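For clarity, chains are labelled A, B, C and D in written order, and residue numbers in each chain start from 1.
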Amino acid sequence: MLPALANIPTGADYAALLPAFVVAVTPLLILFVDLFYRESGPWRRVVAVGLALVWLIVAGALQAGQYPHDYVAFGGAFVQGGFSIVLSEIVIVATIATLLLSIGVGRDDQVAGTTSLLLWSASGAMLMSGASNLMTVFLGLELLSLALYCLCAMSTRRTARESALKYLILSSMASGFLLYGSALLFGATGSVAFAALASATVTPLLALGAGLFMVGLAFKLSLVPFHAWTPDVYEGAPLPVTAFMSIVTKAGTLAVLARFAYAALPSEHRAAVLLPLWVLAALSMLVGNLAALAQTDMKRLLAYSGIAQVGYIVTAFAGTSALGLRYAILYLAGYTFMNLGAFAVVALMARDGDAIVGLPRFAGLAARRPWLAAAMTLFLIGLAGLPPTIGFTAKILILTTTLGAGYAWLAGTLILGTAISAYVYLKIVRAMFARVDAAHVRDERSPNVLPWVAVAVCAVATVVLGLQPLTPSNILPLVK
Amino acid sequence: MNVAPENYVALSAVLFFIGVVGVIARRNPLIMLMSIELLFNAANLALVTYARAWVNNAGHIFAFLVITVAAAEAAIGLAIVAVTFRKEPFVDVDEVSALRG
Amino acid sequence: MLLYLVWLLPLVGGVGLWAFGPQLKSWAGPIGSALVGVSFIATLFLWRDATAARALDVPLGSWLPGWSFGLLLDRLSLIWTLIITGVGFLIHVYSIGYMDRDRAFARFFAYMNFFVFAMLTLVLSDNVIGLLVGWGLVGLASYFLIGFWFYKPTAVAAARKAFVMNVVGDIGIMFAIFLIVAKLGGIGYGLIFANVGSAFTPHELFLVCLGLFIGCAAKSAQIPLHSWLPDAMEGPTPVSALIHAATMVTAGVYLVARFAPLWSASPDAQELVGAIGALTAIAGAILGCAQWDIKRILAYSTMSQIGYMIMGVGIGAYDAGVFHFLTHAFFKAQLFLGAGIIIHALADEQDVRRMGGLRKQMPFAFAAMLVGVLAISGVPGLSGFFSKDAVVYGALQTGHPWLYAVAVVTAGITAYYMFRLLFVTFFGAYRGAVDPSDLGIRHPELAGTAASPGHHPEEEEPHPHAPGWLMSAPVAILIVPTIAIGWLDFGSNSAWKQFFAGFFPRAADAAGAAPISEAVSTLLVLLAVAIGFAVAYARYGAPAALRGAIARLRTETIRMPGVLVNAYYFDAAFEALLVRPARALGGWFDRTVDPHVIDAGVREAAISAQWLGHLFRSFQTGLVRAYALTLAFGVACIVAYYALAFGGGR
Amino acid sequence: MTVTALVLGPLVIGLLLYLVPREHGGIARLVAVAVGAISFGLALYDPAAGDASVRWLSRPFAASFHLGFGPVSYWIVVLLALATFGAALAVTGPRSRALAAQLLILQGAMNGVFLAKDLLLFALFWDLMLIPVFLVLVEFAPHGRTAWKYLIYNLAGGLALLLATAAFGYLATTTDVIGKSLPAGTIGSVWGAWIFAGFAFAFLIKTPVFPFHTWMPETYAELPAPMVAVVSAVQSKAGLYGFLIVGLPFLAPEMARAQTLMFALGAIALIYGALASLVERDAKRVVAYSSLSHLGLIVLAVFSGSNLAIAGAVVYIVAHGLFSAVLFLALGAVEQREETRDLARLGGLGARNPKLAGALMLGALAALGLPGLAGFSGEILILTGLYRAGFVWPALVALVAVVLASAYMLRLFQGIMNGPEVPDLPERRDMTWTEALAIAPLVAGFVLLGINPAPLVARAAALAQPAPPALVSVRAVPEDSHAAGAR
């Protein structure tokens, strides 16, 4: 008697997975279409990206259509509904933006391949957003990561291959920790479902397993001290990939972390088990911002900034209050727009959409390209947590829940980190607006106008999200 | 012969530790990849052991999953190592440190 | 309504002439004078209302409950208003002639009109805040007029000094206001006087009086806040006549007289004020003997005479003090205007050593000055005789023999230095052509006597000449009251005493306490005056003295004691004790504390952050194995935590 | 409607000004002038404008986009409109467009700060108003460091404010509180101390008060004159306003507990600023330090708990805004003509620039507290209130500062306008009519306010009336008792 036969997957199970499934299958279509081209040409690119965009939008619509419903599919392995839908949407938005940025990058005959990898990676993140047992988590995580390893190498630059190698080795090692942690958790409870963890008694085995599991997640979120790969990989990878990575891995991993922290731990020991997480968040806020102070390359700077921003997001979980989760996801949504906007601006400053853009390139930008400078200013003040942006609103919400949960030290660290970060971001603003002799500044323009779409959408979203009325119904449903 | 599950778990821990040390200590990326395989397989061993201990097939399924993923990982890993070191006479990860700071 | 007119007409003039001065050109003088004249006439129409049983009190508005403002014209403010507008009018007319060559003719009259307005605000106010407003505004007008020739650094410095020292006085009054408001919750005179006895303890009353008196001392150049007055002579001479002799500087007298109920209730304050008045009287008189600048001599004499007035009102002889103010307004204006004629004629020469023998060239000026000197010296029959006598005897009447003695001696010294002025200026030979060094003048430009460059567009040689009618007529008119006004207070039941009958609180111990009669006292004063005159004549007026005048002036200049030349070192003391430490401290704040102490902390924090950033950057070696090591290290830490947290507790 | 227009109008128009071609700075300037004038008219026309409120947050605390006139803020908004009008008129130079645009953005943000009836909205605008000043400093200040210094100090304050607001919101479950009252005990003493510390830190930096003031002289010296006129006139009042509308009603026990410390800081600022401006050579820094001194006085008033002093503080807040704007605009005109602000190099300008000298003189006189002008009205109310509430020594210290004020203000005026003409200074022409038009309304303002501050006092009374009992108890002398002794 096979007990598994009792729950053979039904249509309802697949319906829950449908958006991720669409994203995962589209590459097959793209690759198939691409087979018919004999020679390289712009059409190959247009068709591949166009197909991807269309199906991503379809997936986004399907995902949105799921909104009011909750799905518990595959015997609890995949749970969709509530915040995980929002995270999936974030993944889709980020992927669309990445495609917009990547229009001019790479060879025409490779685009089908890179686009496919991108979609697979996105589908991995979408899988993670609904993952609620250890196996699904591992599967999603690896799907996300394996595609990313390849994407990182997709450039003629030598540093791209270096970044791929580093990412491969370190990320695999972190996956190893996650996996071993999963094995220990399984060993401690006899189940791979998160739901089973919540009712387990806390043994050293469980705590150790939880610890290793969180290390794996912390690595993906690039929390200090598991952040070392981030700047190198971000700098080396092609710009669109970096933009993609900065959002999508966070979105997927955050979903897992949220489920784990909120639903998979025995409540009486939750605070003690999660304490290292808050310490990591505090370290990230400080180290990320401080290290960003010394950076001169834009992608690297955004990498460190991302480390700190993740610190803010994880801070919202402190005390594991329901509101904290909402604000974490709100912040992530805001961060998505601010960060993608900033990457889009950087993309517009490079001829091929993928050059190393150093800070000196921003000198006097306001005089040369005022709209670009204005947009960049908005994104940067948003990242710095200044109004009128979602950065400000979400930050004060996080502060409130953190204080309310009794983690005043974490709130204080957040404020301190924000103070340091202001210097990081406004340094660029200052460079853009200062009067300079711009003769020696290399002024490159991307021939591509699609990133402007990303810039515009992100700018509007950054402000509107910050000022829109936030009520329980529109802020976010609670964790499942 | 019935070996207590604790021994398997201990063995898996040792394997895991060796894997970690291997990643840190070896400069050859191929050996590093092998060490990573060791990490995964240490986990597999633990999973299978616990699956037996709890009489729960989930552990076995998980192990199969891991084996599949590890295969994909090895393939991609070897490809990346090959691309990275195609023009180098020696294979040494410490040579690859242009990205830093 | 008429009172509004009296009060606001000069303001209209001040603002109008300031704004439209360039368009009005030479009409500015007549217009300004006319406005003050109309104000004077209007005041005369108000005489009946002011002297009625219930004085004229016009409300203006209010800030807060209890803080209401109004204009009050009673007997005391009537006297002041008449002097301000009357003498003010004459001096305005005089100025049309005196300032005729000045580029900023209209601006001068704007300031003068503004001053009249400010002074009227001071005396007409029916509350302490209004008084303080007037008090501050006259200080401002004084500042403007002292610094009228603002391209002269000495004038600029003098103006600032006058203003700042007057602000010291202002804060004294503010302090008094604090106490009054804290106790009474209101600012009106009526409220204050009605509650003098009930609201204040004697100590508080003394403090109120002290605060008010600080105001008096600054405004009326009483020791130790007197040193701005001689410097204020940098202003044009009509200014000195109006502001720094006749009206503004006597505001202190007004203040004490106005707050007579407070003073009468606080004997300690009376003693203090009387003593300071007497001290100022004699100290000013002594300094008057050591000056060579004609206006500074008059300035010290003003200081000394105000000392008399302050002593008078301070010890409770209010009507005597006020009367001395009245006569002084006339004869001192007279003296200044006479001096102005000389200065004007000599192209701004003010050093008496470089004058001499002017009697023949300028008989009118001589006559004017002579009358003034006789009056101030207290020669019987002239105005100063009566008023000074009243004050001096008042000291004895109220039981202050020491003050009396000082007052008598001062009378003698006054006669000495005033006749000295007269002899040196008008007798002997003209010394304008003598080399300054032969007269002992080492630094003519520092003596404040140098003709101001650029003030007169056309260069002209100093030649004594007769003044125009615009300048002589006011002086001629002033001669009449200078001689005659004193008779108002002749006899024990004089018109003056009737005028103020019942107005002031009666002195604690009236006549009868005095050991000698008024006649004897008068004789004593006259004796002192005679001695003063005799010494002056012997030293400067006798034929022998006149012959050796140049050599004599030289030795006297060189041998003048430093303590007198430096006016008892008051300025030096202020400089060393207040100004320098304040500037040093300010410099320390500005140049050391701000950049190197406070900012240093912030700067160090910023630098540390940068340093940490570079440190973290250096950790990022680019070696993948090192990254793996940190990863493993992090894991080790976390495992250790769980081992500690959950391992032991099982 | 009116209040919304006052906030959004300048913000939006300011941003739109960037659409004007860069070389048409004159148009941008005219638009800014018009916006200043219209907001002035609007505020005067509709002083009883109703509140505008839109829901923003409901969790973790209720918050709204709630704007409305308050007892103090109405006058500050009027002042700001006047200051913006004058400042916009004074905008000149090749980069007029940026300056005019940032002026309007700043005006909108500051209107937001003062009109916000919601604490979170207040914090939002508080941080927002950093940005235009920072950008102008970046673009116009000769030293790059100045912008950073401004930012570091003010952002530190802004973040403390944010933290305090978050805690406040958590405890009170709403931030829509300005002008209202909370049930007693909403904010306990443990949290209260920290929340107050956060607010006070922000407010003291913004004001600024010793020892948080060092950003100010540099910022004021290096901002272009139009901007600094607005910043010193209005932005520096934000902190004091904060104490009045947040501290007094909600954190009264903490205010009372901090009284000694704040009195010390205020008194030090009072004397420190005065002495420093006595020796400073840079004309704009003289005024900056003088502001430190004046604002120290207002801090004393705010913490005295005396209704009289608080009424005086309100008067003085507006008065200081008016005269400091005049001073900075006049100094800007001087700097534009002579290309230096060094008192040692300037001198004798009054002879050829009588109107400019008059403007500077009027500003200086108001600043030194000449009786009859607005500075005096505020000062005497504050000082009397202080003394009446039993604070004898602070009142006496303030009196010393009054004397010093006259010394440094005259030094400033005379150093520029009086004395012999300095021959090698470049340009001489008297005030243009635009400059006169910029300054005249401000001067009229402080003259009128000096003659009759009653409207402000009346409004301030409304502010101070519901002072909670805890604050009343700190008064050493009951306000209305004639019998109690002064110490």
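Definition applied: a residue touches a chain if its C-beta (ideal position, glycine included) is under 8 Å from a C-beta of that chain, and two chains touch if they have at least 3 such contacts.
Quick caveat: nothing in here was measured; it's all calculated off a predicted structure.
By number of C-beta pairs in contact, C-D leads over the other of A-D and C-D.
Centre-to-centre separation between chain A and chain D, using Cα means, comes to 44 Å. Chain centres here are Cα means. That of chain C falls 36 Å from that of chain D. Taking each chain's centre as the mean of its C-alpha atoms, chain B lies 65 Å from chain D. One simple way to say how far apart two chains are is to compare their mean CA positions; for chain A and chain B this gives 26 Å. The set of chain A residues touching two or more other chains comprises 165-166, 169, 173, 177, 231-232, 294-295, 423. Chain C has residues 606, 617, 620, 622, 624, 628 in contact with two or more other chains.
Multi-chain contact residues of chain D, defined as those touching 2 or more other chains: 148, 152. Chain pairs recorded as touching, per the definition above, are A-B, A-C, A-D, B-C, C-D.
Here chain D touches chain C in the complex through residues 148-149, 152-153, 211, 213-214, 217, 272, 274-280, 289, 308, 311, 348, 350-351, 354, 358, 365, 368, 370-372, 376-377, 380-381, 383-384, 387-388, 395-396, 399-400, 402-404, 406-407, 410-411, 414, 417-421, 452-454, 457, 477, 480, 482, 485-486, going by the rule given at the top.
Residues of chain B that touch chain C in their complex: 20, 23-25, 27, 93-94, 96-101. Residues of chain C touching chain B in their complex: 617-618, 620-625, 628-629, 632.
Chain contact summary for the complex, chain A toward chain D: residues 323, 370, 374, 381, 386-388, 392, 395-397, 399-401, 403-404, 408, 411-412, 415, 418-419, 422-423, 426, 429-430, 433-435, 467, 469-472, 475.
Residues 606, 609-610, 612-614, 616-617, 619-620, 622, 624, 626-628, 630-631, 633-635, 637-639, 641-643, 645-647, 650 of chain C are the ones touching chain A in the complex.
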